[in-house]
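These notes open a run of structures that come right after.
Look for subunit A in each of the two complexes below; its partner is subunit B in the first and subunit C in the second.
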Partner chain A sequence: MRWCLSVFLFCLAVVNALSSSGNRLLVVLEDGSEKDLYSTFWSDLEARGYDLIFESPKSDKLSLFDLGEKAYDHLLILPPRSKGFGPALSPKNIVDFINQDGNVLLALSGKSTTPSAISSLLLELDLHLSTDRSSVVLDHFNYDTLSASEKHDVLLLQRPGQLRPDTKDFFGGEGVLALPRTAPHTLGDTALLAPILRAPVTAYSYNPKEDLSAGEEVSATGSQLALVSAMQSRSSSRFTLLGSAESFQDKWFSATVKAPGSGKETGTANQEFAKQLTAWTFKETGVLKVGKIEHHLAQDDLSLEDLNPTIYRIKNETVFSIEISEYSDDKYVPFEVPANDALQLEFSMLSPFQRLQLQPSARTENSTIYSTQFTVPDQHGIFSFRVNYKRPFLTNIEEKHEVTVRHFAHDEYPRSWKISGGWVWIAGLWSVIGGFLAFVFVWLYSEPASGKTKKTQ
Partner chain B sequence: MAESPTDVLLKGNTGRNTRGLLRFIILATIAAAAVSSRLFSVIRFESIIHEFDPWFNFRATKYLVQNGFYSFWDWFDDRTWHPLGRVTGGTLYPGLMVTSGVIYHVLRFLTFPVDIRNVCVLLAPGFSGLTALAMYFLTCEMSTSPSAGLLAAAFMGIVPGYISRSVAGSYDNEAIAIFLLVFTFFLWIKAVKNGSIMWGALAALFYGYMVSAWGGYVFITNLIPLHVFVLLCMGRYNSRIYISYTTWYALGTLASMQIPFVGFLPIRNSDHMSALGVFGLLQLVAFADFVRGFVPGKHFQRLLTSMIVFVFGISFIGLVVLSVSGVIAPWSGRFYSLWDTGYAKIHIPIIASVSEHQPTAWPAFFFDLNFLIWLFPAGVYMCFRDLKDEHVFVIIYSVLASYFAGVMVRLMLTLTPIVCVAAALALSSILDTYVFVSNGPNPRSKANDDSPSEGLRSARKPEVGITSYLSKAVMTTSVVIYLLLFVAHCTWVTSNAYSSPSVVLASRMPDGSQHIIDDYREAYYWLRQNTEHNAKIMSWWDYGYQIGGMADRPTLVDNNTWNNTHIATVGKAMSSREEVSYPILRQHDVDYVLVVFGGLLGYSGDDINKFLWMVRIAEGIWPDEVKERDYFTARGEYRVDDGATPTMRNSLMYKMSYYNYNSLFQPGQAVDRVRGTRLPADGPQLSTLEEAFTSENWIIRIYKVKDLDNLGRDHSNAVAFEKGHKRKRATKRKGPRVLRTE
Partner chain C sequence: MQLWHSVLQLSLLASAAIPTAAAAAWGFTDATVSVSTKGAGVGSGLKESIPDNKALSAPVAFGPADTLKVSLTAQEGRSGKRAHQVFLLLQDPETGLDISYPFNVKDNGKSRLDLTQKDLPIRFLSVSEPLDARLLIGSFGDSVAYDGAAFQLAVTHNPDEPVPTAEASSRYGKLPEIHHIFKADAQSPPVVISLVFVALVLAALPVLGGLWLFLGANVNHLPAALKSAPVPHAVFLGSLLSIEGIFFLYYTSWNLFQILPAVAVASTVAFISGSRALGEVQGRRLAGLR
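Here is the complex of A and B:
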C-alpha cells in the first residue's frame, strides 16, 4: 500500500514536473525522419515531464484549439521544408495561442527560406527577418574551424551573460555555443522583447543564394543581429525565437569545435543551453507569483476586519505588503529582487503621489514578503496601490488595488481649544457673551435710584 | 336691506367665522389643486425621478436614509468624478435630502411603510401646496383686500412657471426652495411691519433653512438689504427697520454659516457683501439718529457729512484691499453672466452650455405666466400708489426678478412669485371694484380709503356709470373668462410641456396610442447588470447623475460641474482622435464609454448636437490641441455627412455615434434623422473601443475600452491583423534609424 502510494506520488511528481503552466507540448515537425536528429533533445524534455506530441503541419487533425480552449500548453515549431505550415498554424492561430497563455518556441534555420507566414507572424511581434528571409549569419572571427572552415557559418559564441545589470541571468554558464547556419533577426523597439543571444560585433548577415551581403542595411550587422530572442506578452505568455534549429540536434550537442586562433578543441554547451532555453520558454524558470497582498493602517492590534480596508483617510499611516514567490525548476522559492533592481510600490491617482521601495520584511518557505510603510498624501480621491514590476525574462507583476482616500470627517479635526492660535478668538467670544450677560444683569437689577441714572437713559 | 339667511351667515361674528371657514376651505382646495395638477407624470408614466439633478438628490437621500445624518455629513463619494471623488457632504445643499429624510422617518415612526422614492417623488407637489399657503400670507400683507391673498395663492398653485420645477418626480432643490423663499419674504415683511424681534428671528430661521436648501438663497441675501437700503434712501429709517434687519442679519448669517457648503462665504464672498454693508450702514444711520437727539441741527449736518465721507472712504479702501489681497473672493462667473449675457459664452463655456442658463425667449414669459404677465405691471403700478414699506419691497423684487428672468431661463422661477403677488393685487382691486353688488359705498373702501377702487369710484360717479349691472357683468365675465383661460392654459402647459420625465420619452403611434421609448433605462440597467460593480463609465456630464443613480456605476464627470478641467478632459477624449483619446481613457481607468445618439429616432438632444460644447470646453483648457474651427467645414458648416471635416470624422464622438450605423441601411442609404443628412458610404472604424451595447432605438450606445494589446501592438495594427490584412513591412523608415540598446 505504501509502495503504491509512493509510486503514485512519484508519478504525480513527474507528471506535474517542472513547468508551472502545464506539460502538453506540441512539436510541429514536418518530416518524421527529422525527429531522430533531435533525439537527445526530446529525451531531455521528456525527462523533465513533458508529454511530447509530434504532429506534421500538414496533418488534418492538427489544431491548436479544442472547443475554443487551447489544446496544448506549449508549442515547439521546427522549420518547415515546404513553403508554409498550413491553415492550423496560421499567424492568427499562433497569435491566438499566445493570447491564450500558450508558450511558443519557434526555431528557424538558415538552410531554408523562412515561410512568409512565419515572417508576418514575427512582424506582429515586432521581430524582423531580413527581406529575403534566407540569410545566415557569418562571422570571420568566431566560427568553427572544424566544420565550417570554408563557409564560416557555424558561429562559436560564449554563453550569454546578464542582459542588464538589473535582470536575472537564466541562460548563463560556462562553455561555448555552436550555432550552425543561423537565421538572424532584428528586434523592434518594444519593451516586451529581449534578446537572449546576440551576434558578435564582427558578424554580418549574408544571403548564400544570391551571394550578396545585406551590408547596406545598417541594422543587419554586429550585435544588432539577434540570434535567439525572447518575447514575453503582457499576459506573460512566452515566445522564443531560435535562429538555428540545427544547434539542438544531437550532432551539435556532442560536437567538438575549435575557434580560429585559440587552437583548443572543446565540446559545446548546446545541450545545457537548450535545456535553459526550453525551461525558460515553457515557464520552468523566471515565473513570479504574487501571493497575498495586504494593506492596513499602521497600528499594533490588527483584527481581520482591519485588513485591506476600502477606505483610508488623508494622512493615515499605512502599511502595504506583497508576497512574491518565484518558480524555479519545480517549486516555488522566495523571490529575491536582483541586486541592482528594486521592487516599487506606487500610490497613485492619475499620477503617482508616492513611489516607494518595497523592502523584504519576512520570508516564508516559498515566498518573500515585501512591505513598506508610508503616509497617505493630503489629497482625497480614489487612489490605487500599484506594483508594476516588469523585467526581461521575469513574468510581469501588475497589481492594482483601488482604495478611497477620504477627507477629514467633521469630528476628526482638533477641537478649537486645542489650537493655541484660536485662544484669542475664544476669549473674545466668551468675553462678549459674559459682557452681555453682565450688562443684562446690571440693567435688570440696578434700581434707577437717582436722577443721574435717569439722565443717561 | 332685509335680513336674509345669507346675511346671517355673512355678517357680524358669525360672518367672520363663516368667512374664515370659507377661506380655509378655499386654501385647502387650492393646495389640493396645486398638488393634483402636478401628478400628470405619475399617472401617465410611473412614480419615477425625473431628469438629471433629481437623480443625484435621490441618490443622496437614499444614502442619508441608509447611513444616517452624520455619515451623510461626512460623505466622501467615490463613485463620482473618478478618480477625484467628491466631498459630497460638504458640497451640497442638504436641505432637500434632510427634509425628505425627516418626512420618511416620521412616516415610518407613524407606521406608514413608505418607500423613500415615493417621498422624493411627491415632495415637490406637497411643498407646492405649502407655497400656495405662504403666498396667501405674503399677499395678505400687501393688500387689505381679502381676495388678493386667495387669488395669489391660486395663481401660485397652478402657474406653469413654478410647476415647471415642481411636478411630481422633479426632486430638485427648487422643490422646497420656492416655498422657503416666499415664506421668508412673508416673515421679513411681517418683521418690517411690526418691528418685531420674533418675526425677524423667524425670518432668519427660515432664511437658514433656505440656505440649506438652494444656492438661490443669494437672492434673498441681496434683496432684503436692498429693500432696507432703498427704505433708508427714501428717508424711512425707523426703529422697526433697525430691529428687524439687525435681527435677521445676525441670526441669518450665523444660520447660513452652519451649512458646510456655505461656510465662511457670507463674510468672504462678494455676493454677500451688500448684506454686510447695509448692516454697517444701518448701524451708522441708527447712531446718527441717536446723536441727532443731542446735537443741534447745524452741527449735526457737519458731523453727518464728515462721518459719511469718512466711513465711506474707510470701507471702500477696506473693500479694495481685501478684494485685492484675496480675503474676499471675487465675483463668481455665474454672477458675471447675470450682468453680461455674453460673458459666459466667451469665458465660461461650461455655464453657457447649460440650456437653462440661456437668455429667455420672450414667448416663454407668456408661456409660463399667461395673463399674469400683463397684470403684473398693473400690480406694480398699484404698489406705487400705495408705497408702504412692503410695497417698496414688491417693486424692488419685481424690477430685479424681471431683469434676471430675462437673462436666464431658470430664473423665471424667482420671478413667478412676485408676478403672482402683483397680478393678484391688480386683479383683486378690479374684482373689488366691480363684483360687489351693492348700491351703497363699497364695503371694502371703508377700511381702505386710499385703495385703488376709491379712485375708480370717484371717476365713475358722474358719467361712466359702473353702478350699472351691465358693465359689472361685462367686467366680471371677462375676468372670469381670463381666469378660466388661465386654468386651461396652465393645465395644458403642465400636461404637455412639464410632465415628461425625460428619462422616458413618450411618442404617439400612427393610431394615436402612446408609445414609450425607454432606451435610457434599458441601457442603464444593462450597465447595472452586465458590468463590474466598479466599472468606470465615461459619458458627457449630462448623464453622470443618471448613471450614478440608475446604473449605480462610477462616472468621470456629472452634472455637478465643479471641476472644469476634468470635464474638459472628458471633452478632449471625446473630440480627439482615437490615438489621443486612448491614453486619456487608460489614465482615468475608463472601462465603458456611453454616448447618446439620436440619429435613428430623430432625437435631437443627442451628443453630436452637444458636441460643439465638448469641443469648446476642451478648447478652453487645451487651445493648441482642440480647435473648434477644425470641426466646421471651410464654409463654416457643422456637418456629419461626406462634407464633414477630417477632424470631425476622426473624433471619437463621431466614430462612436456612427459606428456600424451603416449596417442598418441599404449600402449608401444611411440617413441621420436628426441632422437630416445622408451619411458617408463607409462607416467609421474603431480600434481602441469595441461596441458593448446599443439600446433598442440606438439612443444609447455603450463601448468597452479595450485593454492594451497583449503583444504590444497598436490597436489599429492589431485590428488590421485580426481582419487578415497583411502588415506592410516597414522597409523604408523615415528619419535616423533607431538602434536597439538594452
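Here is the complex of A and C:
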C-alpha cells in the first residue's frame, strides 16, 4: 500500500516538476508589497510547477541549507531596498549553494545602489559591476519614447539571437524587449560566462547621481556592456544575472512601447523572455543527459560479451556510440547538435591520438545515438574514450572510459611466407636442410673415387 | 543582433537626416580631425575638417607615435549646446567589435578628444581594414540623436616593431579534428628481386651436386649396405627425414609442445638405428672398401 502511495507521489512529483532539477524555488524579496508588482511572473512560474517560497532576507529562519543539504533547488534574488542582504545570503553561502547544484537568478536594478555583498559575489564569478555600483545604461538611440522620453533609460532591444553560429538559441524570438533602468555589468574572460543580452553599440553607462563630467574615463561602452548574462559552473549549476528586475514586472509585461524614429507602438516580449530566462536558469532547457555508452570491435555479429571490452589491440577497427537526450521544457527529447558545432570523441592517452566527430546513427523516442568508427592508434598503453562536450548554455558532458591497448600477439603477425622479402631466407634454410640430407646419403653410400689409385700405390 | 543594430542605426540615420518638425536634431559643426606626430614640427601632419554632419572620404592614417585630435561643436538644431553623449565610436567592420571614447565637452558644445594608439584595445592594432569612426551625439529630451560616420581610421604600424596581438581567449567550442598518423607498414622489395635471389639460393644445390659428381661422388655402396643391414639404414634415413618433417610442421602449424615428444621419439629412433647403420659403414671401412 505504501509502495503504491510512494509510486503515486513520485508520479505526481514528476508531473508537477517541470524543471529537471527540482521545483523548490526560494524567492528573496525584501519588501512584501513589491510582490504584487510581479504577480504575472509568479503565476507563470507556479503554472510551470514551481513551489514558490517567499522570504525576506531579514527573516531569521531563512537559510539556504538544511542539515548541510540545500533546502531549495533554485534561488531568485530581487534587488534589496536596504544596504544588503543578511548573513544567510552572504556571497559564500550563495557560492556554496551554486556548488551544491543550486541554480540562481539574480536580478539587479539601476534604481538603487547594488549592495557591496552582491558586488563581491559577482566578482567571484568574474562578473564586474561599475565601481560606483549604481550605474544605469542610457541609449539615446534605442529608448522607449512613451515612458522615458526625457531620461532615455528604458532600453528597447530586439530579442537576443544566437550567441555564436555554433550555439543553441534558447532566448530568441520575435518582439521587442523593454529594459527599464538596467544596471550594466562587464564579463571577465572566462569560458564559463556567456552574455545573453548585450547593450547596443550606442549605449553607455551613467551614474544618475553624478553628472558625467566631460572626458571622464569610461570603463566600458557599447556592446561591452552586458545586460543579461549567464554563468554555468563546471558542475552545470546555473547562475543568471539580470540587469533590470523591473522588466519582469506586470507593468512591463503588458507595456506598449515606441522606439524613436519608428512610428509604431508595439507590445513588449518581456513575458516570453522572462519565461525563457527562468526556464534556462532553472534547468528546464539545455540540460543534456548521457544514456548508454557502448564501444566494441567493428564486426557484424556481436554478442553481449563483445560489448565494452577492457582491452583492444592496436589497429583494431572500433565502434564507439553514446546516447544523449536533451531535457526540453518537461520531457527528454533526442538531442540535436547545433549546426556548425560537433560532438567529438577523443581517444587519448595523456593527449588525444584521435579526435573524431560523432555522427547521429540512430534515434529513439527521447534520445539520439551518436557513433563513429575508427582505427585504434598503433601505440600500446592505457587509453580512454573521452567525450568532453562543454558548450555555452548546455550542461556539460564529460565522459571518460578507460581501455587497454595491447600490441600484436606473437601469432597475430603475418606468417613469414606471406612476406615476399623473406622468401630468400626461407629458401636458404630449406636448401641447407636438403643439402644436409644429400650429404648424409652420399657419405653413407659413396665409394671412394680415388680407391683404385690408392690400391695401386 | 549585430545586423539588427546596424539596420536600426541605418534607420536612425535616415530619420536623423530628415529632421522632424516636432523635435530638433543633434548635429555638429566646425569639426576637424588632425593627426600630429610626436617630435615632428608644428604644422606637419594631417589636418582635415569634417563637413557638417557628413563624413570624410579619405581614410585617416594613424601611426604608433601619432596623436589623433578630433574637435567639434555639438549643436542642437542650429545652436551650440552641451550634449550628454559626445562619443567617437570606433568599430572594426570585420568583427563588429566596438569601443567609444567620450569627448571633453564644454557648455557651449565645443568638444575635443585626444587619442593615441595606446588608448586603442590591442585587437584594434592588428586589424587589416580601416576602422569605422562614427560620431555619436545625443542627450536627454526629445531631440533626435546624431549617429553618423565621420571618417575611417587606418591604423598603421612601425614596420620594425612586431604588431601586438591579443591572446585568443579560451571559449568552449568544437576543437580541430585529429586523425592519428600511423607508422608506415613494413615494405618488401619487389617480388621479382626476391625471386631472383631465391633462384640463386636454390641453384646452390645443383651446383653442389654437380661438384660432388665431378669429384667422383657415387652411390655404389648402396646395394651392399642394404644387403648387409637393410633395416637400420632404412630406419636411420627415415628418422632423419621425419625429424626434418617435424620441423616443417613446427614451422607451419605445430607448437613446441607438439614437436618436443615427436622429436624425442624420432631422435631416439635415429640414435639407435644410426649406431647400427654406422656400424655397417665401419665394417665397410675395416674391409677396406672406403
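The rule is short, and it goes like this: the second predicted complex is superposed on the first by the 417 of 457 C-alpha atoms of A that agree within 3 Å, B and C clash if a C-alpha of one lies under 4 Å from a C-alpha of the other, contacts with A are read in each partner's own complex, and residues count from 1 in each chain.
Basically, a contact is a pair of C-beta atoms (placed from the backbone, for glycine too) under 8 Å apart; a residue touches a chain by one contact, two chains touch by 3 or more.
Every value quoted in this text rests on a predicted model; they were computed, and no experiment measured them.
Under the clash rule set out above, the superposition-derived model of subunit A with subunit B and subunit C shows the two partners fitting side by side. Subunit A is touched at more residues by one of its partners, and among subunit B and subunit C that partner is C.
After overlaying the two complexes on the shared chain, residue contacts for A:221 are found with subunit C alone; subunit B is out of touch.
With both structures placed on the common chain, the touch criterion links A:126 to subunit B but leaves subunit C unconnected. Superposition on the shared chain A places subunit B and subunit C such that, viewed from the Cα centre of subunit A, they span 60 degrees in steps of 10. In the overlay built on the shared chain, the residue A:261 is in contact with subunit C alone; subunit B does not reach it. Applying the stated contact rule after C-alpha superposition, one finds that A:410 touches subunit B and leaves subunit C untouched. Of the two partner chains, subunit C is the only one that A:342 touches; subunit B does not reach it. By the document's definition of touching, neither partner reaches A:79: not subunit B, not subunit C.
Within the superposed three-chain model, A:164 lies in touch with subunit B and with subunit C [touch as defined at top].
Using the contact criterion defined above for the overlaid structures, shared-chain residue A:189 touches subunit B and also reaches subunit C. Closest approach of subunit B to subunit C, taken over C-alpha atoms in the A-based superposition, is 5 Å. When the two complexes are superposed on chain A, the residues of subunit A that touch both subunit B and subunit C are 164, 189, 191, 218, 224, 392. The residues of subunit A lying in touch with subunit C in their complex are 138, 140-142, 149-152, 158, 160-161, 164, 166, 189, 191, 198, 200-202, 204, 206, 212, 214-216, 218, 221-224, 260-262, 315, 341-342, 344, 346, 352-357, 375, 377-378, 390-392, 419-424, 427-428, 431, 433-435, 437-438, 440-442, 444-451. Subunit B makes touch with subunit A in their complex at residues 70, 73-74, 76, 78, 82-85, 87, 90, 260, 534, 554, 587-588, 708-713, 717, 721-722, 724, 726-727, 729, 731, 737-740, 742.
Note for the complex: subunit A touches subunit B at residues 91-92, 95, 98-99, 120, 123-126, 128, 131, 163-164, 186-192, 194-195, 218-219, 224, 231, 233-235, 237, 311, 349-350, 380-383, 392, 402, 404-407, 409-411.
Chain contact summary for the complex, subunit C toward subunit A: residues 1, 4-5, 8-9, 11-12, 15, 84-85, 87, 89, 91, 96, 98-106, 111, 136, 138-142, 144-145, 147, 169-180, 182-183, 186, 188-189, 191, 194-195, 197-198, 201-202, 204-205, 208-209, 212, 215-222, 225, 233, 237, 240-241, 244, 247, 277, 281, 289-290.
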